[in-house]
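Dumping the structure here so I can ask a few things about it.
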Amino acid sequence: MTLLSNLPVLPVLVPLVSAVAALVSGWYDRRAARPIVILALALDCALAVLLLSSVVGGGPISYHLGGYAPPLGIEFAVDLLNAFVLAVVLPIMLLAVVFAGPTVGREVPAEKAVSFYVLLLLLATGICGMTLTGDIFNLYVFLEITSLAAYALIAAGREQRSLVASYRYMIMGSLSAGFILLGTAHLYVATGTLNMADLASRLATLYDSTLVHTAFAFFLVGLTIKTALFPLHLWLPGAYAYAPSPVSIVISTAVAKVSAYATLRVLFSVFTTAFIVEYFPITDVLLWLAAIAIIAGSVVAIAQTDVKKMLAYSSVSQMGYIMFGIGVADPVAMAGAVFQILGHAVAKGALFASVGSVIALGGPRDVRGLAGLAARMPVTAAVFAVGAASMIGIPGTAGFVSKFLLALGAVESGRWVFAGVILASSLLTAVYFWRVIEVSYFADEADPRLPAKEAPLSMIVPAALLAAACVLFGIAPDIPLSVIEPAVLLLLGGGP
Amino acid sequence: MIWELNYAMFVFLIILAIAAITARDLIVAVVILAGYSLIMAVIWVEMNAVDVGFTEAAVGAGITTVLFIAAVSRTTRRSKD
Amino acid sequence: MIESLIESLLLRYNYVMVVVLMLIGIYAIIAKSNLIKKIIGLNIFQTAILLFYISMADVVGGTAPIIEEGATDLVYVNPLPHTLMLTAIVVGVCTTAVGLALTVRIYENYGTIHEDEIPGVEA
Amino acid sequence: MEAAALSLAPAAAVGIPLAASILILASGRYPNIRESWTLIAAVATFLSVLSLAPQVLAGGQVGGPGIPFVGGLSLALRVDAAGLIFALTSSGLWILNSIYSIGYMRTLQEHDQTRFYCCFAVSIASVMGLAFSANIITMFLWYEILTVFTYPLVVHEGTPAAMRAGRKYIAYLLVSGVFFLFAAVTTYWLTGTLDFTPGGILSADAPPLLLSALFVAYLIAFAKAAWMPLHSWLPSAMVAPTPVSALLHAVAVVKAGVFGMVRTVGYVYGIDLTRALGMNLLLAAVAAATIILGSIFALRQDSLKKRLAYSTVSQLSYILLGLSLLSPAGIEGALMHIPFHAVMKITLFFCAGAVISTAGKEYISQMRGIGRTMPVTMAMFGIAAVGICGLPPVCGLVSKWFLLIGTAEAGLPLLTAVMIASAVLNAAYFFPIIHTAFFERSAADDAVREAPLAMLIPLVLTAAASVLFFFVPDLPFGRLAALAAAEITGVRY
């Protein structure tokens, strides 16, 4: 029973303890690290699913770290939203680690393998902590753990350019964390608490306070950098593009999505809908920024010749969808935004896995270099095609569902222009993804730099699973939506 | 508290901060930064944050400086700006 | 009365300090091309935030949060921000360490620690 | 509306070609096995569609299982008379087209045949899904899948010209998809449902301007109907191998667009609202212009397939025209034109493909005396051409007769004039071909070199069907069309 009663904190502890285990056993045998990491993350996935099912069945869980009650002690608060995000993010991390096997020795120097895997576990620790914590300072700490692990992971490969990308990310990430820390301080001055639920209830009487407005502004800037919303996205393309392939998968899915989750949490659970709609009317600004991000991200992506850079700018555009949902702030569009967290994670994971296998096996990274990919690596090409279809929003893939919900939300709230943006953006997305599909399937002859045969199974299987998930959630969106819809109602404060 | 001293320390802090980011010699900049951290630690101790002050003195002025000097010695001392 | 006014002025003065130091830090991060200078700026930025925390925790007329036997009427300053700041300092050092390690590797690869001299790096 | 009987047959009609596509992919290395999967799937699909006919002819409906989708919507299948007409046409012709494809592809020794057959099967599956869609969202799903999976067929050759045509194709159809999604979302917002309901789901309470704009959005969404000026993807798509042009671009894809308009007018707006908004006039104007202009454009083409493509553009608008009349006769004629035009046009394309693959001639000017070397092929071509012009004894006359009655009933002499003018134009672009083929002499040898049997048999059968339907139009399309027209108009006659 003790195991179950400590369930909320286990997803954080398991990777942390395993990180030490992997480090120690890695001293004796370099090859021991990988199985430990896979095992630890598999266990973590199981815990996340268990957590989700117990939240679905038994309502939110509040766990007091060390037994101290919330206002003083640290609380781990699990509700539908964060249990869902965790259940999305951890399996993808597991797949990425499985995927990472063949890249070690190719993209990542073999002598760094142990620290590479240990860092992945630390990243998982940070991500779990960020998701599950109910304490806003704790959120900052886990955010920094996540970020530090991410900086190191990005620079772990042989790719020279990743160093500068990682450095830039480090600078922007630290600034962002600094702003979040400042916002936290302001909130603490205003209310005297750091617990999120407590903050929400105490802030309710303080909506007019300048201090609270300042705090909100700091949070907004910090989170905007972290989620790479349009004008503050410059760190993202390099970081995504030059990281080793498995790291690209992890940061474009897990890290990005957890940042989006943190934004949702801070905006809606701490400051509440009433505040961001009436007292500090930021939703329209967010909507415009999101619309610009969606369009501009795609336009810049069209100009890219490097496939991973193209995918990175596509992320700027797709993360705009999530902000778009926040900007509309009605249940339908928010459900679309949360669905996008899932849909974009699996689709972008599939895309980076597909392109990553080509690059990790020594293949080219420019669009033209993928000529004839379908003939040489049929599964990899098919995974890319499915991911691209989801990005474009072809029905039958997860990307369509979020686009449908977002457009419906925009129409329902009378924002016709923004509905137009959402719909038109799929055309822009089609422009740059179609180029890749065209060359990979219909080129006359294969590029000589491409790998001669299909990637090893440990790369294909995770990629194919992600693509399959993309289709599954596109055809049966009801499965995740049955969790998302109540979670969103809860978040907007309109639910039970 | 002695206000004059506090004011003086604050002014000094700003001067050190500006000096740290303008010095052309990185070793000099790092040493100035260590001094900045020490002054900051003193201010904190004086603001009743004894524990934080001592940590800052040890970590901020100590470990950080060592890290900086190690990094500078493995790269280059000269800075363009 | 007059004393409390000065006290609050001092507190405001702290905030002015925080803002000035933050701006100096951000200036260095943005304007300096030297990668180590940027990290120095980051350090200044982070200590400014810590200063903000310590200032806000400093209760008027309070004393350090060390429990003394028998002295029940002492006003302690809020200890929670202090513990938080210890965490923040450690986080800051980690960031600095990672940043410096990256800088060293950039120097090994490119032979420079100036951002504008690194070839093939666009904005 | 009585409750729909549940059956697995609609799901089978969609599932069989989908499953076949996977089997085709898996047996790519063994051409004989691969082709037999296609044939088996085609026959099985047709039979499962056919098994639905008795119930529908008896006036019932057949529902399939649904998968819950977003916000109370579901991906569901439902078979009614209109859908069955479309599905029967497409699945029946798929059998003949498969035999023809095998002959065509083997004669030309085409590359990437596995991809070809696989995408073809998925396209057919989406046509079945489209025909049986119970609501707009299901229809959109299949509509977009149809777009995506016909693209590889269009660019099959992989030449720069084919890639250019493919880009045009995908651009037109994806843009139309965006309008479709916009229309679907707006409809859902206005009504809270997307189910196709006879008599319509939109009510006149909404602002007329919005409803009119929405109708235009639907019209653009169904750019697959190739109405002018959104037609130019269709002639471009003729770079595809002939079996694709024959079944997909003369029958399935374009009819999907037309069928979508039938659903829009009959089941989303309802004829009363369409008339109240004046949208029937818009539709009639677009259709009339396309009929005339399409025929004129066809006159100027020297490439046989392009001429046939413009002929398709023109003929499709007959269906839109019939629909715009909003009367039982008009809609019945329109629905009958779907299968009748299909059998005639597929015959023409089969013949064109036979000429291209056997004689290597693509342009009409090269076809002097081809009627002497390929007499059967060109005879069948002649029969189908006569039918398109609306002359007896071919089924084109039947549907056009209904349309003529419809225009006359509606008191629109202008539209009657358009139809007659178009018949003249049809003759003007078809008879020169027949004349060139039979009455001009070629310089080259006149030895008879007919197309292989695998190509010849399907085209003879479709030509025979075109004649057969003239004599027994009620078997079963006439009756289905009457049922559907009654359902849409609410008038039993």
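Here the chain labels run A, B, C and D in written order, and each chain numbers its own residues starting at 1.
The criterion applied here is as follows: a contact is a pair of C-beta atoms (placed from the backbone, for glycine too) under 8 Å apart; a residue touches a chain by one contact, two chains touch by 3 or more.
Only a predicted model underlies this, so the values are computations on that prediction, with no experimental measurement involved.
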- Task: Select, from A-D and B-C, the pair of chains that is joined by more C-beta pairs in contact.
- Result: B-C
- Please identify which chain has its centre, taken as the mean of its CA atoms, farthest from the centre of subunit C. D
- Provide the C-alpha centroid distance between subunit A and subunit D, rounded to the nearest whole angstrom. 44
- Task: Report the inter-chain centroid distance for subunit B and subunit D in whole angstrom, where each centroid is the mean of the CA atoms.
- Result: 78
- Quick one: report the Å distance separating subunit B from subunit C, using the average Cα coordinate of each chain. 11
- Message: Could you work out how far the Cα centre of subunit A sits from that of subunit B, in whole Å?
- Response: 37
- Task: Would you mind listing the residues of subunit C that make contact with two or more other chains?
- Result: 103
- Message: Testing understanding: with touching defined as stated, what is the shape of the graph linking the protein chains, line, ring, star, complete or other?
- Response: line
- Item | Chains grouped in pairs wherever the two touch, ordered by label | A-C, A-D, B-C
- Can you name the residues of subunit A that touch subunit C in the complex? 72, 137, 140-141, 144, 148, 151-152, 155, 160-161, 163-164, 166-167, 170-171, 174-175, 177-178, 181-182, 185, 188-189, 194, 234
- Item | In the complex, subunit D residues that touch subunit A | 67-71, 75, 137, 140-141, 144-145, 148, 152, 155, 158, 163, 166-167, 170, 174-175, 178, 181-182, 185-186, 188-189
- Which bits of subunit C are touching subunit B when the two form their complex? 6, 10, 13, 17, 20-21, 24-25, 27-28, 31-34, 36-37, 39-41, 43-44, 47, 50-51, 54-55, 57-59, 62-66, 77, 82, 85-86, 89-90, 92-93, 96-97, 100-101, 103-104, 107, 113-114
- Query: Where on subunit A is subunit D touching in the complex?
  - Reply: 332, 389, 392, 394-396, 401, 403-405, 407-408, 411-412, 419-420, 423-424, 426-427, 430, 434, 438, 441-444, 475-478, 481
- Item | Of all residues in subunit C, those that touch subunit A in their complex | 26, 29, 35, 38, 42, 45-46, 49, 52-53, 56, 80-81, 84, 87-88, 91, 94-95, 98-99, 102-103, 105-106, 109-110, 115, 118, 120-121, 123
